[in-house]
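The block underneath contains the structure these notes are about, expressed in structure tokens.
Letters A, B and C mark the chains as written, and numbering starts fresh at 1 in each.
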């Protein structure tokens, strides 16, 4: 019994690491630009399909596909940024609709190019089981957990130790003040979109290597990233990591003790619980208003 | 009519209001003064229901209104204006009043609305869009008109004269006196202008750093050393 | 005023009489029109929530699906008559919206996504709760519309009249609210909720009631569809298409007006089915996504704003004008 729980916890942590990458990308863009990119999940999926193509066309490991995925996804995010930037009025709302439209285009584009079949990696090396005591995992899961951890650490370093990263944080906390300090918010927005794309590319390769992909996956990834954001509460980056882990754990525990069909539902229920009980998320600042 | 007892509000480490107790009788006009940051608007927010205090109790008309939401307090008779006028932009002046009457007073009364517009000198502007074409003085008048349309028994005026030049200020003050005479409501008015307070309010309360430091006639209050000190930062020679 | 009445009458005659007269021979086209009007009804409900409630939703499929299943199950398992079941379907969808009330606290984009998440939840529940919904297997042989006064309403024309009537009823309700004091208050809330509360408007209740109304309308559309198609399964009833098509329709036609979403629905749906699908059997909705993007960038107020730029705008009094 404990073994089952431990295994579930272990799997959950591994899965959560990929979710963290997705959620961080979404949060980064939202922090600097106040825009929720509803097509974010589709970008991750795009990267996953690029990985698939690299593997099926050239037999290359999905890892090698990452550079290609980064390039393609970053081009897509740059285009998205260009379009979103052209919105003149009501940016918060119109950007939602615009990215929703972009998401539809991406999903259908993926459908057109790669058809509706479910794909997954054929690499035996990646699917190899690695065992630590009672804990079992696929090599791909471990690998990408390490990659995610490295990326998150890198992101933290970038945000806190480099001038570019500090500029991003400045714009995210107070756009006008940042401008007065000579920071160009447009460049910062562009950079945050690109970084989000970078994270999405890795996440996409991870998802392809670890599981199965199909065109409809995009929207559910976006929803999961959103659930994590709600779990974390507004403006809390460590909260995002905890939220991602929490979601991963919830899903794997549900799969272990109930059924895998319910795992998506479990995540949603978690979201509802937080919404009802802790509307500011686990780490959000408490509101003072009387309503 | 209004009883505040030991109200305390904290924003993180800052004590915006620290044990404020105040009573306002029906029909009374009270001036609320104090330096910037003293907690005056915060106090209004507590009374109107926009802010919940951590400590203390409030009673209006004998009833405990601590748990009553803002819109319900408006219906019970607490009207307020905002420091920065917040008209319902996309509506006309007349529509602003109509909404306030319909939801705040319970029914739309064109005659009463006309009377209010007349009192605040906005009669010709009834069909103007609130956002686009009103001057600051007119916006402030609309703030008052909106609040009056809810048939309040107490009116909270938050720096309603701020930004107006001298002539407009005097007209406005005159207008407030007329409103008080006509509707016999209690008025609590936040103002910086000592002359206005002295003319309009038989009673003034002084707030400093979240505490009530004086309460009495304007003449009395403004001669208190600690009141003067709170404004000038120094204690004058006694 | 008289001109308006005459125009409305002419429109009613055209809609109820001319359309079936002209097209009832072409069953394919009629079914396209019925489907387009179904989408139009949802688009109208979506636009109502956006305009009056100030809330954008990406999860209207949830209400549609709940209404579909509720009506089908009430008729098949509890023996309710079909007309009442349509209303019940709407009511159940409104009840589902009650679950969304906590999400009202969330700011704009967050609310939109929360509703999207709810839609997913309902779809999964419908798939897993096999005892109630028969899960992925779906429900078949859902009873058709009955014969009333000798006319068989399960025919294409009959269905057309039903959905047309529903949509027109929705439009009238929408117009009525917009003109009322509640409509004014709702508009005012978009600028400053505090100011409206200070004059006694229960803003939370006002927004919530718009959510319930929008859900109710969408649920009725779902219920109608269930008895029209006579088959339901979770992936169909809760399909993202029931969210996406109405949104594209409303934005295309102009979501600030009442006729915009309806015209948009007819145009967009017919274009999609008759033109785009013919060109690209798979993935043809990519054009819809592009259309949505283009509209947001170039004409966020919809088609009507493109035309209005050419024609002089009449200054309408605010009380009767567009939101």
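The rule is short, and it goes like this: contacts are C-beta pairs under 8 Å (C-beta built on N, C-alpha and C of every residue); 3 or more make two chains touch, one makes a residue touch a chain.
It should be emphasised that the depicted structure is a prediction, and the values quoted were computed from it without experimental measurement.
Seen from the Cα centre of chain A, the chain whose own Cα centre is farthest off is B. Of all chains displayed, C has the C-alpha centre closest to the centre of the whole protein C-alpha set.
Here A-C and B-C were compared by C-beta pairs in contact; the pair with more is A-C. In whole angstrom, the spacing between the mean C-alpha positions of chain A and chain B is 49. Averaged C-alpha coordinates give centres for chain A and chain C that are 32 Å from one another. Inter-chain spacing, taken between the CA centroids of chain B and chain C, is 45 Å. Shown for chain A are the residues in touch with two or more other chains, namely 291. Residues of chain B found to touch two or more other chains are 49-50, 69-70. Interface residues of chain A facing chain C in the complex, by the touch rule stated above, are 36, 38, 83, 86-87, 89-90, 92-94, 96-98, 100-109, 111-112, 115-116, 219-220, 222-223, 226-227, 230, 261-262, 264-265, 268-269, 271-272, 275-276, 279, 291.
Considering their complex, residues 48-50, 69-72, 74-75, 79-80, 82, 86-92, 95-96, 98-100, 102-105, 108, 127, 129, 131, 146-147, 149-150 of chain B touch chain C. Chain C makes touch with chain B in their complex at residues 181, 184-185, 187-188, 190-192, 194-203, 317-319. Chain C contributes residues 56, 58, 99, 102-103, 105-106, 108-110, 112-114, 116-118, 120-121, 124-125, 127-128, 204, 240, 244, 247-248, 251, 280, 282-286, 288-293, 296-297, 300 to its touches with chain A in the complex.
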